[in-house]
Structure formats: C-alpha cells, structure tokens
C-alpha cells in the first residue's frame, strides 16, 4: 500500500529496469536528494541538472529525438512557465515534420495547492497543459493510478505530461489501490525503498519489491464513485475531496457519481457522456484559475452535445481568478475549491428543479 | 564547500580592494561596530524566523544566515531613496541583512513569517524573506529564480535615460546563473553605446538546494562570464566584511561613475542549509562570517566577547517578545484575495 | 480614414508626445524598419532591442517599476511563449506586493492567422492572455478602436496587453471609424506619416496630423451590429467576418447581433448579458485553439447565469486543436473560422426550435 | 557590414587552420570542384525559390545565399546517418547548402516552397528552408530563433551516454545569441565531468532582420562567450571556402576526439537580405563567397568561367523545369491537418 510518491518512484524504477528509461533528471533529482518530494530517490539513472528549466525541457526533447527515453522533472510547475514555447515544440515536432520525428519524453511536475506553498508553489498546470496540442496529459488521484499512468507514459511514443498532485503525494492508498507486487503494508515497503535520513543514507541501498507491470491506458477515466443524481468531473487532488463530499451527501439522499478523468488529454468523452446522460447534472471541479479553464472546455462540449439532457446548468468550481495563492490559510482556502464548497454546489445541482 | 575556491577568491579580493582604497583594508571603527550590530541583528532575526517555523508560527523559512558580511555592507552602501535618482535593488530571498542595513524593522519580517494582515511586504501572501519596499526602490522579491536579472536592466535603463546618478543592483545565487536570464542581464547591460549602470552581483554559496556547484558549471568563476562582454569582474570572499565592503565600494564607484556594468561574485556560506524544506539546521563545515568578524573585533579591541554576548541576548529577547506580539496580530481576511488585483480598481472577471 | 497600423502608430505618437510614453521598443521596432508592420515607424522614442523576448518583457517591467511608460513589442505573439512566467510577474507584482508596486506597461503583439504565416506567424494569444490575472487585455477590430484602446492602455496604471489582429492591420476604416483629427482620405494621411521606400527614407520626416485624444474605455464592448435573433461574441479579426456573415444572413430573415468585446479582460459582462437576454442564442467566435479557449469561459458563465434564457445550446467556433496552422491555404482555411462556417453556425442557432 | 571584423577574423582563421592540417591551406582539386558545384547548386536553388515567391508560387522565402562557403563544407564534413552513432544536426533556416551537400534533392525544397502535399519535410505545413531529415539525423528546423541551442545538448548527451563517436552540431545566427538559449547551450555543454560532444556554430551576418550587430552586442566576438566556459573558440571568415573547411575540420576533430564542446563563429554574408519580408533583393555591398571562390578556381585553373557559366545555366534550367512540375503536384487536403498529431494514433480532443 504505497503512497503516491512511492508509487511514482517504483514506476520509474520499473521504467529504468525494464522499459528503457535512460535519463531521469531535473533540479535536485539525483543524489543526494532524489527530488523535492523523493520521487526519484535511489534511481540508477537519476541525475541533477543545472538550475535551468529551459535547458531541462530542451535536453529532454533532444534525448527523445536521439531515441533515449527521458523523464524530465520541473521541480514545481510554477517554474515551467518560461518553457511553454519548448513544450509547444515538443508537442508540434511530430506534426510539423509530418511524422518524421516523434518525441517520446515524459515531463513530470508537481501541481496544485494544499501544502501552504504561497504564490509560487501552488500553481496548477492543467489549463496550460490542455492548451498544448500534441501532448498527452495525465494526472493521477491515487498511488495505483500514478503507477499505472507512469508506466503508460513511459512507453508512449509521444510527449506525455505527468502532473503530480502535490497535496496527495504522501497520502496512502485505499483498499483496491494496490500496486501489483508491492508488499501489503506501508512500513515494510518504506523500509525497503525509502532512504534513511542522516549519515547512513550514503551507504544504504534500496530493496525493490518484485513489481508487476500495470498499464492504465491514457485516455481512460475511472469512476471513483457511482451515483445517479449528479456527476462530478474532476482529477487529481479534487478526486478524494469530491468522493468524500459525495459520501457525506449520501446521508442526505443525494447520490453523486465522481468521474476521475486521470487523462486530461485525450480525455474519456465516452465515460463523461455516459455519466452525464445518466445523472443529467454536472459539476466540474479543479484548482486552476477559473477564466479559460479546462473545466470550461468540458462544460462547453457538454452543452454543445447534450444541451437537452441537462436538467440543471452545469457548474464549474475552480480557482479564483487572482494573480496568486496567498500563504495565509484564509487566503489559500478562499482561492481553491474545498469539500464544503463542493458539497453545497452538489446539493444545489441535485435539488434543482428543471 | 570547496575551500580551494574560497582561497583563490580571497587573494583576488585583497588585490582588488587595495588598489582603489589605499593600502589600508580596514574600515573606520564606528563603521565596523555598526556593521557588526547589523550582522548580529540579521543573524538573530533569521534564528527567530527559524524558531517560529519550528514552533508552527510560519509555514516556510528561507533566508540569509551566512551572507551577512556581504549583504550588510551592500545595504549600507546603497544610495537609498524613492525613484530614479536613487539606487534600485532587485534582490533575492537571502537579503535580510541588506534590508536591515537599509533600516527595515525586523518585526516586519516576523509579520511576513507569520503571514499576518500587517505584513507590509505582502499582507500575508508571500513567504518569509520576500521583501518589497517601494520607498527604498526595493523591487518585490519573487520566488522564481533569476527573473530579477531580466527585469533589473529596466530600472537601469530608466536611470540611463534620465541622466540620474542612481544605479541598479541585482543579486541572486550561483546555481541560478544557469538560467538564461543571467545571460540576458549580461547582454542587455553591456550593449555598446547603450551600457547600463548595473552592479550585477552573484552570491555563490556553491549550492542550489542539494546540488553542489561542482559538476554543474564549466566556468571556474561565475564572474568570468562577464569578461566576454567587456565588463570588469571580480570574485571575492564574501565571508569577510572588509573585503566585501571594499569590493562593493569599488564596483559601485565604477558603475556610478562610468555608467557601465560590473559583475561581482561573492563567495558566501549557507549556514542553515537551503531552507526549512531541508531542515534549516545549522551546518558546521562552512565559514561563519559573523564569528569571524567578531573575532576580529575582539582582536582589534573594538568590542569584547561579553559585550557581544549581551547584545545578542538582548536582540534575541526583543525578537522573542516581538514574535509573541505578532502572533496576536490579525490574519488576512479571506475576501482580501481580491484586493490589489488592479491598481485602478478591484475589477476581476466581471466581479464586483 | 487610417488603416489599423496607422492608427496604432498615431496613438503611439500621441502617447510619446502627450501621455508620457518614454520607450517604444522591441525587435526591429526602431529605425530603419519601424516594426515588422510599420507600427513604430518614425516614433521618436522607438528603439531596437536585442533579439531576446525575455529581455524585452523584463526591460518593460523594469522601466515601468522605475516610473517610465514603456510600450514593448513582441514581434509576433508566436514568440511570446517563453515569457509567460515574466508576463505572470508583470500581472502579479501589484498583488504580491500588496499594492506597493504597480507595473504600468503596455505590451503589444500581432496575433492570429490570415497572412499565410505558417506554424509560427499564425498563433493566437487570447486564451493565454486571459489566463494571466492582473493584466488587462484589449484587441481592436478597427482603426478607431485601435487608436482609442491604445491611448487607454498607455494611461492605464496596470500592465495592458494590446493584441493586434494581423489580418486587419492594413484594412481601411469604415465610415464612423474615423480618428478625431486625422485627414479624411487615406492618401493624404499616407503621404503625411508613411515613410517612403528606398533611398529617401533616411532624410524623410513625418508630418503628424493634429490628433485629438480618444479613450475607448477598457472593459467596454461595442455593438458592431444589432440584431434580435442570435448574438455573436467575438473580437479582432473575427468581427468584420462575423458582421459580413450577419449582413448576408439578413436576406434570409436572420438578424444577428455582433458584440465586439474589444476588451477581453475585464470584459463587458453587462453588454454580453443584455444581448443574450435579447436574442437567447449565442455563438462565440475566435481563432485560438478550441480546448481551454476563452470563448469557453464566456459560454460557461452564460450557462451558469442564464441557463433558462438560452433557447439553443451556445456554440463555439474556434481554431482546430492541432499543433499548428499549416502554410498551404487548405490547411490554414481548415484551421480557423471563416465566414461560411460562421454563417452556417448562425443559421443553425437561429433556426433551432427549443 | 563591418569589414574590420572580417579582417580580424580572417587572420584568426588562417592561424587556426594551419596548425592541425599542415602548412597547406588548400583543398584537393576534386574536393574544390565538388564544393563549387554544391555551392552553385545551393545558390541556384535559392534564386529559384526567390523567383517562385515573386511569381506567387510560394508565400514566403527565407534562405542562405551568402552562407554557402561555410554551409557546404559543413554538410560534406558531417558523419551522415541515422541514430546516435552518427552526427546530429540542429540547423536554422539558412541551411540549404548543408542539406544539398549531404545529398538532399533540391526539388524537395521547391515542394516545401510551394507547400505541396509531396513536400517531404512538412507536407505543405512549414515555410521554405525548414528541413527535417531523420534519415540523416537532421532535426526539424523550427522558426523560433535559438531554441535549437537548448535542444541540441540532448542529442549530444545521448551520444555521450552511449559512447558513440557521433557529435552534435548546432547552428544559428548572430542576433539570436541574445536569447537565453544560447547561454543554456554553453552551460549544459561544458559542465565539468559531463562535457558534451558539441560543435556550437554561429553564422554571423551582422544583422537580425533590420537590426545591425553594432549597438546590440557588448562582446567583440560572439565566440568569446565560450571562453569563460573553458571551451576552445574561434571566429573565422565564413566567406572563404578553405578557411571554413579547415576551421570546421579542426573543430569537429576536436569535438569528436575530446568529446567536449567547441564554439565556432563564422562571419558570413546575407546576399538577399533577411527574407522575402524585406524584399529578398540582392545586396551589393557584401562579399559574395561564390564569386570569390569561382575567381580562385579560375586562378587555379580548375574550372573556366565558361564552364561555370554553363553549369549555372544548366542548373537554373533544371530547377525551372522542376518548379513547373512541382506546380502541378497536389496541395495537402484540408482534413490532413489532423494527421500526425500523435505518433500512435490520430486521436485529438475526443475526435474520431
């Protein structure tokens, strides 16, 4: 029962042992730190890059062109905004060269609020990412999906962006979210793969569990909770929050279906449509700022295609359109969706009389 | 930290400082004492901030213990004021020493640490050490590494255009010089016929978070990167107060008079690691500029150990008490997220 | 009756003569070229910058901090994507410093397709721009608005982005779109302010007309055409296209109202709402790629606030979600909205029986 | 164009070429003839492209007339092939000479100009001169200036990691070196202990569109920027075939053997201005490397004026005819915009 950060690390380990991953790199990704969140601890191909995000993305593109399988990290997505042109190039190289060159790279980066990260460790990246054609975009909400999506990302022949929901990285898996081959309990796993703090670290070696490969197909959503009354379309950090809101609403007789998109591009339109056709009510939840937001794309498309099946106006719950997320708890709380807000939005949708 | 680099740079430093400031490398006694007091205040402030973090009175600490010998002289040498006639500062997050030397109230730093509504730098929005002081031309410190190097040429261009005697000072760390913005600063400041009055500083603590300098740089000295652009450069021991003072003085005089850029690298220590994210524990294998300077003051009989201990104890007590008061100050209100979006009115996406 | 590019140049001239503009700069902005589209020809404060967009945006921020009034140009918006982090800083400085520092800069950049610009001279920037809180965003559709919006942008105490619709830069003003003080006919004006080509250019001096100040308020839309049946929400290049589509549909008995937003942020929600309340049908038209598009924001908000007043599903006509706009006419045409597509979308909306 | 810079650089060049290639600065006769033929072919191709633009058989022209003396030797010296064992090229939009020297069919360039569906480089999507040839490790040329300098270290890193003898070559213009990506290239290629086998080229035509070199640069020579990073550098007369050949040979040998970066700047001409946007008219005040080389061949009695005129006429005629055939080739279909979005399948935003 790994945490998400352990799941990612194990996937990268499987990647470098069996799937041809050659370079896992970024700022502080190699020894001694192994990543700001330990995602890359003790991986044999992990190395520290210069402090230069443009160089990191450029290096990843170049490695991919040369047939390597790089996984590049941007330490926080907040620091990827000077690389958008390069991300666009990664996304358009196959298209612009009419199939001559593809770019099989993975870029991973922590996103979102929830760790009191203030203005520059709280950004979301889903709106920006979904605006970058040629990329596949995934964002897990639990350790098992993180593992399976990372393996799929690694073997994908296209650039794949793996958005790590910061606030969930240390959350434990729930039953049913096991990674095939991992030891049953967290303590055992931690002893095996988490480096000790302090002196002994440099001599320590991990003992990797015998992991099986698990591929969560990119483009396939997961129904995190079934329900007949309202559909929540969400991903990442907002998934467990929405499920918990839904569980609490059950006592009020409201049954909420939570669709965890997992893939933001391509997204699982069939799953979305099927759920909305059943519930006729829909709430999109994400943390990114609410003007020109990916949830607005989903709503636009739902409205265009299912207008007469909607029994209430679809609603978006997203980040406030302000220049940053403030440090003080009051500020962060007022800036991104939380369970209470999700509950009241759901209640309103469910009770709405058409 | 590689001591070789430090030694190499020390020798450079004394060479450079002696030339333009006489054979004496010693500051006037009153100035030494003033610098010491400010260094001590800066150190005690950082300690208080770290303690606040540890006790849950703040969520994140980053700061400059180990840079006081360089940053305090910088703050004292600045032509402080508002507007284009004075110096502009584009600093990073290890600059408390500079701010205190300019006259900042340390209690305001505690407020930012505690993210109170009274925090004058960001009203509870930004991390500790993210100063902003328009009254003294201190541009807002922002977290993204190195962007200040792309912005600073703008204030220098304004100074050039208005014929002011003010200069622009920009500073940042060693690892960050890998960002293209550092090159942007060198390119834009040195254009022939359009040179800018910029003092370009790098405080080299030989680390970017966990990543050592070695292995990430092809250049022996970061300051060498200025040479191709025809600007004077120097690498000095930033752990030595007087070396720092004279090196800064020399560089600032050059920039102020010649209206051209100067690249100065200071070798400094990082006495509490990168930030609270790495524990903020004190390291023992790096030079402590404060104890080094205190030893000098003792030797020079300018201040006794007992006096210094007393000063430290008093400052520590004062900031402890201040931190208790700050704890009672109000937190920003949730709806204040909508304040200061626009300078004319708070109009956002059709709201209000 | 100026063209849009002349209107912009005249506004910049008024800016530097009367409104305190101190620096108009960017790649090839100064002599001898005066800008890729001649927007900055013969302006006394125009100068050539190094080829470095990050430096250009940084310089503008710094100048603005120092109390200057800079107008910075990014030669094509296609080359602004490595500066998004700096644009974010321009937009968050006032907020992050809690009112200590504001950033009164103007950034102008040509946007959109329509000049056979291939992959890197056809980008739109409206989605990206509207995702950058703290900025005001304007985009004119005719010379008069270009003039009046530029003057408003210059005196605004915030960063203002002025998006120049490439395809309209050389289009002539229509009656009613005069700039106060300009000579009545284009030839006269051209003789006065357009530098001659060739040898004589270096000795030539412009003779600026006695222009009056005209401020088009940022945040105020313009009704480009009134109609009762369908509302088009659009801006820039798509405005004349939509008006022309509407004019043609009039013969079919369909009366279309075209709202030219002019300001994308803040946008004129009152005007939008009033029109949609009247027509009950809405089409958003813009050229940016259609996933996470600003038109989707407008639709989302309309749906949230006016669900029961909509007599047909709101529709978006936007750029294809592909990695670039191809050079061949067929490709460009298939990638962005055109009059025929607008007409058939409007027809469908107007004829739809709720 | 400043002739001073050219003179200064020429002297540099002969100094550098003589050292590693004997005292003779002259190429074997057959090689001279081969180079001439390719230079001529490249020039005639550019002329045809410009004519196509003028006649409405294309919407935009940009290319390399004036860079043939440097670009053709580059193409001949490359270790050509597919994959990490061979050289990678990250070129810009003035590289026809290099591509032709590598064996590209000039008719394919006409196809890209006419944006036909048969254009092998982009299927009618991209501007003229935007080559892509995976079979020869030529990465796609993209319009944004200087990004190739951030990407190229990646292919070099792959070569380093696999112990290949291949090297990575990156090229771009002078004005573009102001972008941070140029610095990124210097930083990433020279990290001590992780040096990359990169030949970093700059073709300096002393202009960025309309903006002269003078006034935008603080550095005397762009190549000086490599010095701080400990890499060998040179600035040479790129208008001279043999100077270029020997300078490239020397630099490539170094990179291939030492597995470390080398920064080579070539002073070149821009014989038809920036692009069709500035008229594509021929300029008369810059050195024409082709006529210069032709004069040499005449002097050396390797080819007569008449022979050369005949060759030119023949090539011109061939390309004229080819352009007529290309005019009849199909344009890409509208729905082809959806092709090649993803390498596994054409799945876009839920479509299809």
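For clarity, chains are labelled A, B, C and D in written order, and residue numbers in each chain start from 1.
In this text, a residue touches a chain if its C-beta (ideal position, glycine included) is under 8 Å from a C-beta of that chain, and two chains touch if they have at least 3 such contacts.
Here the structure is a predicted model, which means the values were calculated and not measured.
Chemist: Which chain has its C-alpha centroid at the greatest distance from the C-alpha centroid of chain B?
Modeler: The most remote chain is D.
Chemist: A-D versus A-B: which has more C-beta pairs touching?
Modeler: Comparing A-B with A-D, the pair joined by more C-beta contacts is A-D.
Chemist: In whole angstrom, what separates the CA-based centres of chain A and chain B?
Modeler: Result: the chain centres lie 37 Å from each other.
Chemist: Can you give the whole-Å distance between the Cα centres of chain B and chain D?
Modeler: Averaging C-alpha atoms per chain gives centres 45 Å apart.
Chemist: Would you mind pulling out the distance in Å between where the CA atoms of chain A average out and where those of chain D do?
Modeler: 41
Chemist: Which residues does chain B have that touch at least 2 chains other than itself?
Modeler: 122-123, 125-126, 142, 144, 178-181, 184, 187, 191, 215-216, 341, 348-349
Chemist: At least two other chains touched by the same residue of chain C: list those residues.
Modeler: Expected reply: 50, 52, 54-55, 79, 82, 85-86, 92, 94-96, 119, 133-134, 265, 290-291, 321-324.
Chemist: Which stretch or stretches of chain D touch chain A in the complex?
Modeler: Chain D residues touching chain A: 83-84, 88, 119-123, 125-126, 130, 132-134, 139-140, 142, 144, 147, 149-159, 161, 168, 180-181, 184, 187-188, 191, 339-344, 347-350.
Chemist: So in the complex, which bits of chain A are touching chain C?
Modeler: Going through chain A, the ones touching chain C are 54, 79, 81-86, 88, 91-92, 94-96, 119, 127-128, 130-131, 133-134, 265, 289-297, 299-300, 303-304, 307, 312-316, 321-324.
Chemist: Within their complex, state which residues of chain A touch chain D.
Modeler: Residues of chain A touching chain D: 22-23, 50, 52, 54-55, 57-68, 70, 85-86, 89, 92-102, 104, 133-134, 136, 156-158, 219, 265-267, 269, 301.
Chemist: Please name which positions on chain C make contact with chain D in the complex.
Modeler: 27-28, 30, 32-33, 36, 48-55, 78-79, 82, 116, 118-121, 290-291, 320-324, 326-331, 333-335
Chemist: Okay, in this complex, where on chain D does chain B touch?
Modeler: On the chain D side, the touching residues are 178-184, 186-187, 189-195, 214-220, 224-225, 227-231.
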